[in-house]
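What follows is a group of structures, each given as structure tokens.
Each of the two complexes below includes chain A, the first together with chain B, the second together with chain C.
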Partner chain A sequence: MLRNRLITVLTFNDGTLFRTKLFEPDYRYTHNFVDSWSVDEIVMLDVTRDPSADKTAFYEVVTQFAKECFVPLAVGGGIRTLDDARRMMAVGGDKVVVNSGAVERPELITEIAEAYGSQCVVLSIDARKSETLDGGYEAFSHFATRATGKTPGEWAREGEALGAGEIMITSVERDGSLQGYDLELCRQVSDAVSLPVLGMAGAGNWKHFVEGVEKGGLSAVCTQNIYHFTETSIASAKKFMEKKGIPVRL
Partner chain B sequence: MIGIVDYGLGNLTSVAGAVLKLGYEPVITCDADELARADKLILPGVGAFPDGMANLAERGLIDVLNDLVIKRRKPILGICLGFQLLGKSSEEFRDTPGLGWIDAAVTRLKPDDASLRVPHVGWNDLTQTRPDCILFDGIADGALFYFVHSYRMETPPDGAQVGSCDYGGPFTAAVQKGSVFGTQFHPEKSQQAGLTLLGNFLEKA
Partner chain C sequence: MVKYCKTCLMPDTRPRIVFDADGVCNACHTAAEKATIDWDARRAEFLDYVERFRPEDGPYDCIVPWSGGKDSSAIAWKLKFEFGLNPLLVTFSPLMPNDIAVHNREEMLKAGFDHVMIRANQKVSRHLSRRFFIERGDPKIHWNAGVNSVPVQAAVNYKIPLIFYAEHGESEYGGRVLSEEHRKVRDFAEVLEHQIGDDPYNWMDDVVEEHDLAPYLYPDLGEVEEVGVKALYFAYFFRWSMKENYDYIKDKIDFQLAENGRTDGTFTNFDSLDDKIDNLYYHMQFVKFGFGRAVRDACRMIQNGQMTREEGLELARKYDAEFPATYHDEHLDYLSLSEAEFQETVDKHRDPKIWDQQGNQWVLRNPVE
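Up next is the complex of A and B:
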């Protein structure tokens, strides 16, 4: 039976690992560890704001990390062209994560999918609550500063048609909150597509993982901040999920 | 030296990293002489089947591989798309002939349970249909491996299947025929079980 995945997301600014709260960097908890032997997959995102910034430091971190990473590694941040994606693959990525680049130029998804296959393209969507759009959410790009005018479900469906292989949905309001995933948002996106959906932002305890799968329809639950606050291992999170009837890899 | 066939597709770096970790020297190349010097070959690849065959042909690698693998019996391990290319054809985008070393076609993954999403992404159990295959030495039946694919190989009629997996119906997850080996899953991304399997190929094939 296919297991639900637990994915660790690491965010970097100029090659330095940090956590985020409400999409702003917070460097208090950089003493992180990644238990790459029990996590199912790792996502590394370069969230350096300056689009012209030198990415060498990030590529170097990924290269070093990839050497000892024997689980799938998805890499992203600032990908605008097929060449950018190629570079991310060359430094050790197994998949790439696209967000603003795909909003600016949706055919970017198709270009990467044609070169590397759909399974290689993760479309990351940042969503905020909306009072005007149907469903109550709107997809945002550029570090959640720019409205797209689309609901996350619409953008996810469009991404699927363009060739994305997985959708990663992030709630801006829940980022760093530890209050649980925005289950309604996750459900809207997982209902909109037939692709696996990865949920992100808000996980604060093991129960949130179970809810994400059962109520949010997520194939994978992602965490960024939770390990900064607790010393509990990923393995214990998975044992909890298994006890609640969620198939996971122990 | 382990020759990792570079045909312009896929996560070659990850495969090379795992080979290096296991204590072997990986060389990523499409050069016929260098591939001929390699003790063993790995045909990795993520991407689409028609591109895969077109890229192999463009680099003149189809003849090179036929000579090295079929005539000279150099062991080869196909991974993911590289595994599918071992088959006789694929219906991905349009019917395209493969290398034809394994007598099975590649067809769209159609889970019989509508709630199962495609692509099939994640960790799933590998059933060893031929547990005596050297790839499985030291690996428990049902061990978990990482899969990511939308197409699957049908069951070869000649017993070349050594492992299967189930995702809304069974499909061929690993094959061996003489010195030709292949896995639909990614051993280089399947932690300890994956490294063990890859090590078995490098050491024992």
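Up next is the complex of A and C:
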């Protein structure tokens, strides 16, 4: 049976672990308490804004992390070329997450998929509510500052055709909130593709994880809340999900 | 590289604090704006709220979340004796109650107030304190939830819609101000996301059952709306200063101060006296973010024009790093930790970007100057 995954998402600003709210770094923390055993997967994203910033600090933290990590590690932030992806793999990533780079040059997805396989490419889509597009959402890039003119479902379908192995959908408006996932947005994307969809932004309590799977059609539920990263949190969240009938790895 | 505010001493490691292009923090801007506020108009707005929201019947006009400290006691006193309202004082018990605050609360009650206090199940409370201290370097996460939910629970149970909180921390002390309205009306989603950071519903485990979380959970939103709860910040309507609150209340009651003339880690003796765990709480702030209780207190006084930056800097250098020794043995007992476990936990919370380990010493990489 295919189990649903619980994923920890860590966002780093210049090598420092930060929680974000509405896409701005908000609360810094040490990563000493991130459990990399009982969670199903970890995503590490470099959210440093300055495109010319030195990425060394981020690479170092990924390398450190990869040494003690027993679950798949997806790494992203600022990937524009196959070489960038290669570098992310070299420092410890098992797969890469692409976003703005794929919007600028969609063939990036194909290049990485051909080099490493589709299972190594996660297409991350940041979406805002839209009053003009059908479905009511629009995909954005560049830290959610640049509109793509596409609905998240359209862009996810294109990504699938180009060779992406997974889609990660993030609601910009819910980032850093504890109000639950944007289930309508998750549902639109999971209906649009046959790939596993990872839902992100808004996880406040464990009921939201269950809703994400049941109503949002998510294959994996992500949390970026630093308070959900510890072993006790993850173990009890998974127990809760199992009790509600969601298949998880305990 | 940690940056410090040019006009006070606050570093940019304080969660959510916003600095302008000149390197001045948003708390300093809030303080500067106070000179331009039409306080008479704010007072009129306050009276208007009271008129509109005080219940038509029932003995109480409003709720004051009350620790018995200088701030909440000054608010309660003003509401009762300057505005003629009958507030119900509501306390969520400190984790480790301090006799000083027990005395100060009793002095207030002798002056003529009704008081309700909830003390949570201590088996659960101690368990959560220990867990949160280890995992998050903060033994008070659940207390923060309780101190926010219990006054609203009381508002629902006693059908008293109006609650007067003290000040909006994000604007007053540095943080992210979501809107002008957020300075006036308490937004409980903001409090949950900013101050507590987690939904108490997530705290069930082998020891904690769902019913154990009752003191920490916010009441059902439908019930809150039915009563029409309106939670306001007193500091929006009346100029706020912790020093002036102290000066005010000490003239009214026999207000006792910290035992040894000042509190661990700072130069003040009149602030945050009710919970022995606070001495550790503020020390952990120093460990996690690199600024301690002396910096915190000095910033507040600098912003209110009660101290120069140089004076504050001197006090910060003298006291900020001081270990909270006064109740240390009691802290270990409360948290069920050995000295070694305690030290190991503290050091795990040090951010290597802020701290440098030199031999067996931890040194701040960029101390305030």
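Before moving on, here are some points about what is shown:
Rule of thumb we're sticking to: the second predicted complex is superposed on the first by the 239 of 250 C-alpha atoms of A that agree within 3 Å, B and C clash if a C-alpha of one lies under 4 Å from a C-alpha of the other, contacts with A are read in each partner's own complex, and residues count from 1 in each chain.
What we mean here is this: contacts are C-beta pairs under 8 Å (C-beta built on N, C-alpha and C of every residue); 3 or more make two chains touch, one makes a residue touch a chain.
Owing to the predicted nature of the structure, the values given are computational and were not obtained by experimental measurement.
Of the two partner chains placed around the shared chain by superposition, chain B is the only one that A:V91 touches, whereas chain C remains out of contact.
In the overlay built on the shared chain, the residue A:L178 is in contact with chain C alone; chain B does not reach it. By the document's definition of touching, neither partner reaches A:V61: not chain B, not chain C. Contacts of A:D40 after superposition: chain B is touched, whereas chain C is not reached.
When both complexes are overlaid on chain A, the residue A:K21 reaches chain C alone and has no touch with chain B.
Contacts of A:V221 after superposition on the shared chain: neither chain B nor chain C is touched. Note: no residue of chain A belongs to the chain B contact set and to the chain C contact set alike, using the contact criterion stated above. Only residues 15-16, 19, 21, 26-30, 32-33, 176-179, 204-207, 225-228, 230, 232-233, 236-237, 240 of chain A touch chain C when the two sit together in their complex.
Those residues of chain B lying in contact with chain A across their complex are 9-11, 13-14, 17-18, 20-21, 46-48, 51, 81, 116-125, 144, 146-150, 166-167, 186, 188-192, 194-195. On the side of chain A, the complex with chain B involves touching residues 1-5, 37, 40, 66-73, 89-94, 114-120, 165-166, 194-196, 219-220, 249. Contacts from chain C toward chain A in the complex involve residues 13, 15-16, 131, 135-136, 176, 189, 192-193, 197-199, 201-202, 204-205, 288-289, 348-353.
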